[in-house]
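Next up, some structures in structure tokens.
The same subunit A turns up in both complexes below, where it pairs with subunit B and then with subunit C.
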Partner chain A sequence: MVLEATMICIDNSEWMRNGDYAPSRFQAQADAVNLICGAKTQSNPENTVGVLTMAGKGVRVLVTPTSDLGKILACMHGLEIGGEMNLAAGIQVAQLALKHRQNKKQQQRIIVFAGSPVKHEKKMLEMIGRKLKKNSVALDIVNFGEEDEGKTEKLEALLAAVNNNDTSHIVHVPSGPNALSDVLISTPIFTGDGEGGSGFAAAAAAAAAGGVSGFEFGVDPNLDPELALALRVSMEEERARQEAAAKKAAEDAAKQEKGGEQPASSQDATMTERASAATSEAENKTTDLMDDENALLQQALAMSMDDPAISHDVKDTDMSEASASDPELALALQMSIADSTKDQASQSDMSKLLADQSFVSSILASLPGVDPNDPSVKDLLASMQNQPEPKEKNDDKPSDEEEKK
Partner chain B sequence: MACLHDHSCEDHDCSSDWSLYKHIDLSKVSALNEANPGSVKSVFKAWEERLNTSGEHLESNEGDPELLVFIPFTSDVKIKSISIVGGADGTSPSKMRVFINREGIDFSDAQSMQAIQEWDLVENMQGVLEYQTRYSKFQSVANITLHFPENFGGDTTKIHYIGFKGQATQLKRDVVATIVYELMPNPSDHKTRAESGGGLSHIE
Partner chain C sequence: MSGESASAIHKGQVDLLDFIDWSGVECLNQSSTHSLPNAIKQGYREDDGLHLESDADEQLLLYIPFTQVVKLYSVVIKGPEDEGPKTVKLFSNKEHMGFSNVSDFPPSDVANLSEENLKGKPVLLKYVKFQNVRSLTIFIEDNQSGSELTKVQKIVLHGTTVETTDMKGLKKIEDH
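== the complex of A and B ==
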């Protein structure tokens, strides 16, 4: 959220007619400029951006630093390609434009798009760089288009002269399938210095990087909040419906097992449902689920192993946690409490079942979110086994089971 | 104009004279052409610490001895004199030009503008030299900009201490930022003795 005045120097020389960046170098550059303006104005409403062209008849300032995005986008229309780029003059005029900014509290920054060959001497560029550094102006260079030998070297020298504490950056964008704007989105030019990116940049990046992975349901909440909301609500309803059906099935199946198994299996059921629904969702969601499931599973198993008198308190706390995170799970846990209080005798049988390593491991393995190799799960299994059976045997058994999976 | 302390400092407490540093708005102090951004804040300290060269100091960029320091105060001050302790080996500044109450001055402005006052400095390693100001021009200073164009031949310019002697007024030069206008009086603001003690006047 740094307060900044930015001047963007556009290269509109003859070299920009080339089509190696889709649709043309100039268009790719214009898109990138639009995105940058948007990102800057979004990250801080008092930021100002100005634009100038470096080629054509001479360096021409199209718009002085302003926070009005519409004005900036409008001036990008009707730009003509021609002439040769004058990098030194462009930077100097940009510096002058920034000097006369209205709000002196803004940091000064120049963003240069260098697409055509640089005809200036390295020494001259270094001198310009030093002058910028002296006046604490930061410089971002986008090196694209022509790959002249010496051009990269000159631009790197310019950056080295300007750079003060990593506030200036250079980005080399080779021609390729990715659009210029997409490549720039992930660079510090867009994200600012160590800020982690404005919401705009992050959203744009996610959308560009390939739809589904960025967002739930593949829809950007920024772009279409109602659609995103509708999708989320319908997903919840579907999940609830499936959960109800699964619970019913689990109840029928679990009548053979002892009461204490209820939490594990219904949890199993809910988690399977959740998991199947979640396969289309982002990776991060599944990892969150895994953490929750691990913790909850441990609690459930610990609960069922414990003395019913003690476990009551545990159950209460578990209930509140569970209800906070997952109402379906709360229901399952509630069922387990009811069952265990009714059925004291079943505890011993249930413990025997849980003592059966293979059974427990198979449950764990079937839970898509739980990794049987997770150390916490391993510990849990080991501690469970401590009561009925010797420990070494247990360590062997789970490892065998896990190796098979 | 430079004057020497014509007394030894044990007689009175010099540090109380040089206490204007307390009225400097350190968060808004800035410098141009400093090698380490933010190092300019370290030169504003108490009189006793002025010769302490071990901590951070202000240094200009390699090969460029010019420095520009912008100092805003928290309230308007009257500046009587300025003291500068520079670095050794020719890194002390040799000239100082100041500008009053002008924000956003950069090097090209500083070089072209007429300064309020200019001084030729000498190397002040013991920190006993002070440079008197034309007091009438420094009566209500909200911010001051110091421009050091040259030094004594060193590669960079180093400054360890900048001190201001003078008085702080309680006034602020800034435009009033927030004003709350009342459309109707708020009775709770106008409690009278009679109200608490019981009496004829009664505010509802």
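== the complex of A and C ==
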């Protein structure tokens, strides 16, 4: 939020025709300039930005420091490439333009895009740097484009001469897949000495590439903390679930887990989003092994006796987050967890539910390709009925757990 | 009459420290560790361990605005023998000067500091030039030994404020 007047020095020399920065060096530079102008004017409405070109026929000021973003962006159009960059003259003219700024309270800053070779002597650059420091002008250097021998050294020397308390920075941007502006967004040039511009930077990053984002999940925790939290939690659950699935897969590669997973997920109907990943996993396996459903179904049901322990762990992590937001959801979760905590050792509520024949038959009816009237399925259901007692115990427990919590 | 009014004003001169507008005080080419408050502020300036130091070269440009219009009578600049300031130019009511335009205007006064001055002897200024001062710019051009750094330990400004002086002045005139 520092009140600042900035002059941006653009390199529009012949070296900028090169395409090693997509689409061309000059275009990458123009994008970066647009972003910087936006960031500066947004971080403080009284900030002013001016632009000048260093090559061409000579140093030319395109727009004097102004807070009108439209004017600045407009002047970037129709720029011609040609000539050689005159770094020293460019910086000096920038300093002069800043001296005549309207609001004398603004801090002075020059941002230089050095894309072509630097033909000045190191001594001369150091003198310029000292003069800038004396007049308390900060300097940011973007070293990109041509990798001339000694260029880096000269620019570093210039920075050392100017730098006063780390207000000046240099950024070296090698050519590569990343756009120039994306690389710059994470540098102090954008973030303004470690504060201020991060919000804009995150938004710009999300808009620009859609890839690298300042914040996880592309959501700013400042703007929407609940959403950011929910996204983070679901990511963790997904990881936990994937680990569990990997474990299961390791234990029995060919077995079908759909039967076990689906009752578990339907039981937690309110948590469909979180269980959706698990069900989709299960459903994928379902489609693959549709042929031998009945045999596999039996295996799956047997498996589900062991499985719920794992899936309940996943539910445990969900509970703490969900109870914060939705009391009804919390209640449902508590019921399911109450069952699991009591019975994890031997029995699971899965088997209790499966003992409820009507429930099981309704589940089986919903499963694609399974006919409840199939004799093998009926036999299985009959075996389930031999465990009626544990179910009654289970009914008392959820109410106890509810009252406690 | 002028002598009497001069002596009356001389008696009434105060340290203008209280009338400095601190929000607008600026100093160009000062070192970040040894800054202007060390030389001007009450308490800091008395401490010989704290001083104002120049950074990139030996010149310093100080800008001191006042909360009201003042008349400047004399100035005390204390510093070390060799690195203390030598040629000091004062500009009245020139805002936001830079090193590039110090030579564009003639200074309101120039002080060539001697060793005694550096020990605390006040420099009497051309009073007529400083009758109506809203802001003061002090340009320290070089130092005693010509070294790369200039050090200043204390700067005190003596003078009077315009409003209060006028009342006293009127009274004196009526008496005679």
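FYI, the second predicted complex is superposed on the first by the 204 of 405 C-alpha atoms of A that agree within 3 Å, B and C clash if a C-alpha of one lies under 4 Å from a C-alpha of the other, contacts with A are read in each partner's own complex, and residues count from 1 in each chain.
To be clear about the criterion, a residue touches a chain if its C-beta (ideal position, glycine included) is under 8 Å from a C-beta of that chain, and two chains touch if they have at least 3 such contacts.
Just so you know, these numbers come straight off a predicted model, no measurement behind them.
Following the overlay on subunit A, a clash is recorded for the pair subunit B and subunit C. By the document's definition of touching, neither partner reaches A:34: not subunit B, not subunit C. Of the two partner chains, subunit B and subunit C are each touched by A:130.
When both complexes are overlaid on chain A, the residue A:164 reaches subunit B and subunit C alike.
When the two structures are aligned on the shared chain, A:104 is found in touch with subunit B and with subunit C.
After overlaying the two complexes on the shared chain, residue contacts for A:152 are found with neither subunit B nor subunit C.
Where the contact sets of subunit A with subunit B and with subunit C meet, they give residues 99, 104, 130, 133-136, 164-165.
Considering their complex, residues 28-29, 32, 55-57, 59, 95-96, 98-100 of subunit C touch subunit A.
Against subunit A, the residues of subunit B that register as touching in their complex are 32-33, 37, 61, 64, 66, 103-104, 106-108.
Residues 99, 104, 130, 133-136, 164-165 of subunit A are the ones that touch subunit B when the two sit in their complex. Those residues of subunit A that touch subunit C in the complex are listed here as 99, 104, 130-131, 133-136, 164-165.
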